[in-house]
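Note that the chains are named A, B, C and D in the order they appear, and that numbering of residues resets to 1 at the start of each chain.
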Amino acid sequence: MGIVDYGIGNHASVMHSLRDIGFRVRVGSEIDVLNDVDVLLLPGVGAYPTAMKALHQHGLVGYLQDQARAQRPIIGICLGMQLLASASHELQYTDGLDLIPGKVVPLTEPKWHIGWNTIECVQRDSLLWPSDGQAFYFNHSFAYQGPPEYQVCVSRHLTTLSSVIRRGKVVGLQFHPEKSQAAGRILLKNVVFGLAHA
Amino acid sequence: MPDITFCKRCLYSSVHPLGLTFDGDGICSGCRIHEEKDSLDWSSRWQKLESVVQPYRNRDGRNYDCIVPVTGSGDSYYIVYLVKQRLGLNPLLVTYNKYFNTPLGIRNLANLRIRFNCDILYQNINPNSVKKIIRGTLRRFGSIYWPILAGQTVFPVQTAVRYQVPLIIWGAHQGLEQVGMFSHEHEVEMTRRYRKDHDLMGAEADDLLSIFDTLTEEDIWQFRYPDDDELKSVGVRGIYLGNYVRWDPKAQHEQMMRDYDYRTAMFSRTFDRYDYVDCFNYMDVHDLLKLYKHGYSKVTDHATREIRFGRLTRDEGLALVRQHELAPLRFLDQFCEWLGVTPRSMQFLLDQHRNRRFWTKTEPAGWEFRGVSTMQDQRNSEASGRTGLPDIFKANDKLEYDRNSDYVTIGKGWP
Amino acid sequence: MLKKRLVGVVTVKDGWAVQSFGYKRYLPLGRPECLIENLDRWGADEILVQVIDRSVDCQIPDFELLERIARLGLETPLIYGGGIRSVHDGVRAIQFGADRLVVDSIAHDDPCIVRGLSEQLGAQAIIAALPLSLHSGRIEWLDYRRRCATPIPEDILSLLETGVASETLIIDWTNEGYPEAFQVDLVKMFPLSAVPLIAFGGISASRQMIELLSFSNVAAIAVGNFLSYREHAVQEFKKALAGMSLRPPVYESTLPGLTDA
Amino acid sequence: MKYCKLCLQPDTRPNTVFTNEGLCPACHYYEESKKIDWQERYEILLDLIPSISRAPGQHFDCIIGVSGGKDSTRQAVWVREKLGLKPLLVCLSHPPQQVSQLGVDNISNLINMGFDVVLSSPAPQTWRDLMRDSFFKFANWARSSELALFSSVPQLAIRYKIPLIFWGENPALQIGDLSTMGRNGYDGNNLRYSNTLSSGHAWMVESGFNLNSILPYIYPTHEEFDSSRIQIVFLGWFIGDWGLVNNASYACPVGLGIRSEGPEETGDLYGLSNLDEDWHNMNQMVKYLKFGFGKVTEYVNEELRSGAINRSTAIDLVERYDGKCSEKYIRSFCEFIRISQDEFWAHIKRFMNRDLFEIDSTGNIQKKFKVGVGL
């Protein structure tokens, strides 16, 4: 596993979670490090514009787009999931990696989604199916909106929002699996194994 | 280093490893909780204990009522006395073999089993693993006692799961008795967290494994706490008698000496002659390490306890501490030989753990002790005379009992 | 749908995890990391670490403690409170591994810092702590540093109304640590009915929790001292709250093959 | 009373049948065993090992019941160092008043050889009362302690989730107790029918002991065996040179201590048996008075089979030492179970085999048979 480091937030939890499951983990922003791994992971801490700026600085935007086209497995967690989209309105309008068409908009009623919420699979996806109905930890005030074909799981909180999006081997998780205890461990293991061996 | 706060009533200070808090009058949490021993209604607390154990009495006669951890000293006699004679429960005794056994400890445990007529289970971990662990914990934590503490606190829990006997009955809660960690009325129970945090210095079995060390899973797996789902499926629960009975170790030991022939012995590093008579090392090299690391040793715990019970004044306690805490070791050679370490190398290993707060290197090859007792003010000096100190503990035997001072692995212990 | 939460609280004073009674009496418990790691294993929904000696003598947040906690590799969301004096403090605390922050005296002393934090990190990451008590039927707020109780200042109420903080931590500070002592009126009479609340202080029985969780605006129950007296204290409470839309209790099993689907 | 043609085993042992050529089961087994291909049996064992599955989180492969004596010490070392398995040793220890210093030293020896050992010891007073009842009911004080000894291993195997138990010799083959014959020579799951266990613990309940005070004496049921998939394997079936002298010759070099008293005190030719307590020797004397043969007979039988001694020397040794028991063991036994020596002898004589022994005018017991010839 390669955790893409865009210079903000610590990756201890994600790294521990992945290592507990049994994966080898590398953290880095250099292309030669990221080339050496099977699955790329975009972690979930910080604000959208700063993260995109960091990706640009390290020349990773083009790189990630090439890898996605080459069917390299990429997983985005929380902010990392939103970066996969075309653009986001967080703070100011910013272009994303555009690996999964759609945009990121602020939540309105209510203005944030915090706490443990269940996910419902709306598409038959073998990686996510075992986690249908499980509760995961959400902590965000912006959300992805896009074509239903990319929406694999949703969660209900007064409105319906996308909790898992997928296009080919690019998967976005709005919640924090590394902070969702046993349910998170199981889902992360299924998704990573599923993508790496698909 | 924040400066040290001293309790006005006892000899403890804010460096106590279990933590200590102070109130507005400068009295420590240990002394405050100790006051409950004379304010609580102990007859109603005993009835509460009866109601707690009641559902665990085995009805179909197919199993034991409870698990009781025991050793050749400690409060084992009084605990089994309460469990069997006063509560009328049918216990399975369990004991972890520490290998540093004194013949007197072997004798005491044999006598306990005969007098109270109990079944017992001894766990003997293979000594190769035990020694490998001790070499690691001595290096990392300055502790030669880790496997013993780990074994004594987990074997009863493992046995409770294996034998499906959910109730474990312990004596007093060390955190409550020493530093007033809980009120008796909190009726605190056995938790895995307390074991890791305090008994094991923050390191459970798996925390000993490191890529830089040679310890393997094969060496440490027997010290692992049972999984939560195992504990739940059996309903394992550990209670402390000290929450329901006014716990006074000295009085209890004397009662057991009278009624059940518990035997005691002298120590050089403390005036208490009743506890730890089953181990060559607890009051010896283990106690020295405590002095190195924390700036005080077991004699201060004993003095503090007796001060709180009013059997010693603070100055008498301090004088006894100063008289004993620097006494030389008697059994270090056996330990070096047992572990396979030369005496000089052993001293090197021990010195790694001298806390610079209490020990200063002096030229050419010495150490100056500036531990907690040296910082305590002596209110009236005449109590510090060596002669006039109270001698309130009786020894009726010696550690070696009927043999020399070699460790006994498994002993006969009778007559 | 969104679950209600049981939050485990670890109170830290002079580097020690302590039991706290009525904001003035303390008993030692142990290493904060040991209590936190234990709550993680027990499956608490969130863990709140509140460092209480920071606000009084104005030190910075305990980043060193946060770093030690991060090394544990927790799988439970972590809330940090204590000594956050600036937006920079807050952002750094998040970077050191906290998922959410509790702001206490700063909400009154300098509300624009709270607004700044909310913009930087998102309101969902901010919790406002209100130590309250009841005096002759009226709710009073404790100014922790000046040690006096006054009606809840208007500026705090208006701050909360703007949704700058996602939740408010109601602390019945006089009853903190005492069994079955939390006064439900603090929730019933709380002026802002739309603000989600976390109730804390003197909650020791599931009966209290069931009553409090039945209020729609109570999002979570926080428990401190009363998680330290029994093994599996979190799971025992969750078992008793079976019908209250909390995540079910979990009893860890380390045997291989059981955890993966 | 008829003697075996090859050795000096009389046909008086229960559950045993001589062959029509007049050979006792042990000699018959010895003759048969000459044809055994031990390499093939060893390969059967090697095939068995991979099928041993450790329960999750369990790091022991098997359990071995040990007393610290010669057989168990040899087994433990062989299983660990030859088969490369990790055994948990289980020792049912006599109470402090009865266990010998030699016994505790031998267990200490096993521990210090790096074995993990669980030592269980039943409540001493209950043990003594049961011994007393056992002595008066069966003239064999060991009936209760044997039950605890045999039960401790499967009890712990079930509780520690270690299904494979290694046992020593198959009583059906080596000493002719045919009732324990299993599916094959090494299957020990019918051990529960051996004559020492056949009486079970019912008699204890009848004589007033309630169940929860005799838990160590309750042999696990068939259902408990099956639900935990317990499998007892006799190592004796795989070890061709299994025997009294051989086992001691393997165990002594790794630290086993043996008795220093001579056969005139113990009725034990080389002091290799009953190392962990003294009163089994006295039990051998009682067995001698019931069946006309004791420990010395067992020794010489082995050596007659292997041709180490001739029949006349054997007869002389049996005549001189079989059934001997020093008075000090009888005194310590009587003190322990609190009876007088007169009561002891009165009871023993009641169980004495009148066909084989008689009491002379001075009250001493004389044997009526001639060793090797019969009555």
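Basically, a contact is a pair of C-beta atoms (placed from the backbone, for glycine too) under 8 Å apart; a residue touches a chain by one contact, two chains touch by 3 or more.
Keep in mind the model is a prediction, meaning the values are calculated, not measured.
Undergrad: Point out which chain occupies the most central position, where each centre is the mean of Cα atoms.
TA: So the chain sitting closest to the middle is B.
Undergrad: Taking each chain's centre as the mean of its CA atoms, how far is subunit A from subunit B in angstrom?
TA: For subunit A versus subunit B, the centre distance works out to 51 Å.
Undergrad: Between subunit B and subunit C, what is the gap in Å from one C-alpha centre to the other?
TA: Centres of subunit B and subunit C (C-alpha means) sit 36 Å apart.
Undergrad: Centroid from C-alpha atoms only, then distance subunit A to subunit C, rounded to Å. What do you get?
TA: Spacing between the chain centres: roughly 28 Å.
Undergrad: Taking each chain's centre as its mean C-alpha position, how far apart are subunit C and subunit D in Å?
TA: Here the centre of subunit D sits 66 Å away from the centre of subunit C.
Undergrad: Find every residue in subunit A that makes contact with two or more other chains and list them.
TA: Answer for subunit A, listing residues that touch two or more other chains: there are none.
Undergrad: Where does subunit D touch two or more other chains at once, residue-wise?
TA: Residues 57.
Undergrad: Please output the residue numbers of subunit C that touch at least 2 other chains, ranges allowed.
TA: 252, 254-255
Undergrad: For this structure, give each pair of chains that are touching.
TA: Listed by label, chains in contact pair as A-C, B-C, B-D, C-D.
Undergrad: Given the complex with subunit C, which residues does subunit A contribute to the contact?
TA: 8-10, 12-13, 15-17, 19-20, 45, 47, 91, 111-118, 130-131, 135, 137, 139-142, 156-157, 176, 178-182, 184-186, 189-190
Undergrad: If you look only at subunit C, which of its residues touch subunit A in the complex?
TA: Within the complex, subunit C touches subunit A at residues 1-3, 5, 40, 43, 45, 70-77, 94-97, 99-100, 119-120, 122-125, 163, 166-167, 219-220, 247, 250, 252, 259-261.
Undergrad: Using the touch definition up top, name the residues of subunit C that touch subunit D in the complex.
TA: Where subunit C meets subunit D, its residues are 254-257.
Undergrad: Once bound in the complex, which stretches of subunit C touch subunit B?
TA: 13-14, 16, 18-19, 25-31, 33-35, 38, 41-42, 228-232, 235, 251-255
Undergrad: Looking at the complex, which residues from subunit B come into contact with subunit C?
TA: Those in contact with subunit C are residues 2, 18-21, 23, 29, 33, 175, 179-183, 186-194, 196-198, 202, 227-232, 236-238.
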